Structures are given as structure tokens and as C-alpha cells.
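Before I ask anything, here is the structure I am working with.
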């Protein structure tokens, strides 16, 4: 049973993960992973300067989450190669240290908030100079020319820069995991059986494939499809075993709980 | 031990930037005006006895803190040495907006600059470069500001018509208005 | 009997509209900076002992008069527009990262928060709490950000050294354990 995320707005995946694990005290296994990965994808799309380090790390963490969850869901996942195991530990440690760092600053910000609240209760005197001394103050307009004033006006009324970066070339991935589920639940009952490779053959972006893969895992978890992998790293055979109503068969409650 | 109202009066007068009439203090503190005057007189005496560098003066129908006249030489030196002698970029932009758009309210200037301009406007007014010139006839009756003769004199201008004209590259009134609208909405 | 310099400091701070650094007071009064700091500390204590409604605070590297926090309810009734808008949780978290890790680039802040912070950083810069302080010498020359004196004023701090050490906020063992648990495989 997937953990239902019925929570308000989260600021990105770290926020969501911290909330789920620390507040709701659920384990990742119970978490509706699709939502978290979607949160990652959404953030990735929003990065307006394409910072490779940040983007790579986001992807790595999203991939770690997917892998952690896959291990739980895929059949025959108990025989695992040790190197892979170590790699996964490493990635999990990275995710853990990221979450700890994020939490540290969250708590620090709460302290800053308390300081600001206290400071706000004390109002500063800003009365400024008494009239009798004003005559002494150096003339502030000394050396200012009408041309400078004109320039300052043009600067003041010019629209404030609003950074908007064209992201078209980054091929934004618009599909969310739940949209992919809907799509598959519509398509699979009609084809009955298909390999994962064929299912994703048209897709170019790795992220899109990951999204499809997560959708397949959700359907598997809900008992709507069967997965069969002839050999490790081999293609995965997907067989629809739900009723033919297709999309209606998907747990609507889960879908409804998702508002990414 | 000072009383709560006495301390409240000190606090309010400390943040006020003009003389505060006793009625207003009485109203805020919910005590009779006569009591306010009594307390202010006591405070004034107290500062004098304690030999403070400031006094509580009754000026223009209200109370305010002022420097003690004895200390004028120090304050003068502070004014001469301490004040930065040039208008900040923020102040110059604010002044420019008032000059070109007068009569204009503080809220309108704020909207154009995208920041609160109360402090800057007060400085400009204290310096005598801008002044209140009327009130917006619309709801709210906002105070409208314009530039002063001193401003013209300092810039070496005879009249506002001598300000450099705004060229055609300046956004039209409707663009500026749309911009103001957009910026004035809380984000 | 208060000393002349003590009274002069009171008078100067009364006409100041921003925190006045001790160096400037020392220069105007022709006394050592250390003496200014001594006198200001004495004055602050004196106001406290006398139970005044105002305090002499040290904020953002200077001295200024402020109201006593106790009296906020009265002052609020009087100050109509003073309150600056509250910062959102997102803005505060971003501000905390800039405060502790400055100089820091937007990408670095993004990586820590796990979200894009471009919009929030722009807001913080517009409100004057952070500003560009330089550029990363490495490839890409990312703009680096730091906090401003206004940030210190907002928090009522004299300097960044007064921020509580970040170590105080590192999650305790139970949180680390809960997170490890949350991320671990079921056995």
C-alpha cells in the first residue's frame, strides 16, 4: 500500500522527503515515490541557468531513489552483486548527507526567524536631523546636472530585469509519473503484452524512460501487470493482468492524491 | 521604577519623526490628555535632572526629543564630518521620478522604484528639494509631492520646462502605468 | 553629573537616522574609539537601570536608539506602516544558507535546498537583505552573494559573528537515525 501524500505545498524533493520521514515517520518503501521523483523533475526543469553540477546531482539523487525503490519491487532482487551494493550504499549516503545539510539550514532559519521577530519588536529612531542643523549639511545636489537627473529617471522607469531563460533547447520533460501511468493503463490493456524496450523505443530522454519505468513499477505494485525478466539486465516483459477497463482500474485514490 | 505609560510615551516619542500632540498620545494610551501633559512635564524634568544630552521639548503643539542646546557644537561637527556629501543613487532616482512625474504620491514613487521610499522621501523633503503640493482627490487622499524652487536653483534651472525632455524611447504612459500596477501588487 | 562627551553622544545619536559606527563618534568627539564604546555601554546600562522606554542598541556595526521590546504593543498602534513584510519560509531558508556560507553562488544554495532559488534570491536582493559580493574565480565566474547591513538590522545583530554557530543546528542522533531508517532497505 503506497503512502498517501495528502499534504500541502512542498518546496522540492528534500522538503518532501524530510517531511515524510521525520514528521510522518514513514519509510521510503511506503512512500509514493512517483511524487518525489516528479518533484525532482519539476525542479530540474526550473533551473534556469543550466548548471551541470546541480543538474547532475539532482539526477543522481532521483536515480538513487528509483533504485532504492526498484530493489524492493522487482522480482528476484535478492541476489545482488556486491559492487552494485556498495555503489548503492554510497549513493544513499550522499542522499542522507544532503538531507542532513538541508535540515541543518532549515533549523538555522527557524532561529533566524525568532531573532527577526524579536528585533521587530524594537523600533529604531529615524527622526533624522533637526531643522537648526540642516543648513550646515553639505548640499547633496552639488555637482548633480539635469542630464544626470534625466538618466536616473530613465533608469528608474525602465522595467526591472526579469530573468527568463528559454528552456526549449533543454527538452523539458512534461510527463509526470502519474500521467505516464494513465497513458500505460490506457495502452497496455489493448496490447496485452509488450517488452519495456519496445514500450520506450520512441523515447529519447533518459528521464522520460525513468518516468515510464516508475509508472510500470506502480502498476506492478497495484497488481495490474506482471513483470518477467528472462535474464539480468535483459528486457522486461510486461503483461497486463488487470481487467480490460484499463485506466479505470488504476487506483484513482492514489492518482487523486497526487497533485504535482 | 517608571510607570508603563511613562515608558510608552518615551517609546512613541523616540520613533516619531515630528512633534506628537498630547491628544494623540492620550488617545493611543487611553488616558486623559491632562495626564499625558503631566507625565511629559515629569519626563522633561527627569532628563534635565539626570543631565541628559537631549531634552523633551514642546514644539508646534506637540512633544518631541531634541538635542540639548549646549551640545550644538558637537552636533554641528557630526553634521559636517559625518554626513555623506552626495545623493545616493536611490535618492537621485527618487528625486528624478518626483521631478518628471509631479504631482506624485509616495505610493506611486514606491511602485515605480519597486522599494519603499519613505525614508528617502523624508530626506529629500528635509533637504528642501521636494515638498507636499496637494492631495490626491481620489479615495485615500494621498499626499502629492513636487519639486521646490530650491531644487530648480540647485540644478541651475529656471523652470521645470528646462528639464531634459523625455525622448521617444521612453515607454508610453500606459506602459509605465502597467508597470506600476504590476509592481504594486504584493508578490 | 554626566560628562560632556557622554551628553554629546546622546545628542548625536538623537539626530542620526542610521546606526552610527563608534569610529565616527570617536572622530567627531576626538576621543579613542574604545572610550566611545565604554561610554555607550554605560549609557545603555543607565537607561536600563532607569527603566527608560528606549534602549541604546548596537546594531549592524553602530549605535542607535530603539524602543524597548516590551512596549511594542503601544508603538505598533502608533506606527502605521512601519512593519516590513514577513519573510516566507523559503526566503528565510535561503537567507540562512547565504548568511552562513557567504560568499556563495545561487547554484550552491540550490544544491543545498534541493530546489531552484533564482526567484527567492531576486526577492531577497530586491529587499536589500543580500547582495552580489563578487564572482567565483573558477570557470563560469558565478556571481557570489553575501548578506547586507540591512540583514543585520533585520535580525538585530551587530555583526555576523553574533549568529549562533551552525553546529548548534546539526541534527541530533535521533534525527540521523530516523533518516537512515527511512532510507534503508527493509530487512
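We just call them A, B and C in the order they show up, numbering each chain from 1.
The rule we apply is simple: contacts are C-beta pairs under 8 Å (C-beta built on N, C-alpha and C of every residue); 3 or more make two chains touch, one makes a residue touch a chain.
None of these values were measured; they are calculated from a predicted model.
Chemist: With chain centres set to the mean of the C-alpha atoms, which chain is at the far end from subunit A?
Modeler: Greatest centre separation from subunit A goes to chain B.
Chemist: State which chain is most central when centres are taken as means of Cα atoms.
Modeler: Of all chains shown, the one whose C-alpha centroid lies nearest the global centroid is C.
Chemist: For the pairs A-B and A-C, output the one whose chains share more C-beta pairs in contact.
Modeler: A-C
Chemist: With chain centres defined as C-alpha means, what is the inter-centre distance between subunit B and subunit C in Å?
Modeler: Whole-Å distance between the two chain centres: 25.
Chemist: Using mean C-alpha positions as chain centres, tell me how far subunit A is from subunit B in Å, no decimals.
Modeler: From the centre of subunit A to the centre of subunit B is 47 Å.
Chemist: Please compute the C-alpha centroid of subunit A, do the same for subunit C, then give the distance between them in whole Å.
Modeler: Chain centres of subunit A and subunit C, defined by C-alpha means, are spaced 32 Å apart.
Chemist: Tell me, which residues of subunit C touch at least two other chains?
Modeler: 14-15, 17, 54, 65-68, 75, 79, 82, 84, 126, in rising order.
Chemist: Among the residues of subunit A, which ones contact at least 2 other chains?
Modeler: 123-130, 133, 160
Chemist: For a test of understanding, state which residues of subunit C touch subunit A in their complex under the given definition.
Modeler: On the subunit C side, the touching residues are 13-18, 54-55, 57, 59, 64-69, 72, 75, 79, 82-84, 87, 89-90, 92-93, 95-97, 99-100, 106-107, 110-116, 118, 122, 126, 153-157, 164, 166, 168-171, 175-176, 178-186.
Chemist: In their shared complex, at which residues does subunit C touch subunit B?
Modeler: Per the stated touch rule, the residues are 1-2, 6-12, 14-15, 17, 20, 24, 27-29, 50-54, 65-68, 70-71, 74-75, 77-79, 81-82, 84-85, 123, 126-128.
Chemist: Quick one: in the complex, what on subunit A touches subunit B?
Modeler: It comes out as residues 123-130, 132-134, 136-150, 152-160.
Chemist: Which positions of subunit A touch subunit C when the two form their complex?
Modeler: 11-15, 17, 20-22, 25-29, 43, 46-49, 51, 53-54, 57-58, 61, 68, 71-72, 92, 95-96, 98-113, 115-116, 118-130, 133, 160, 163
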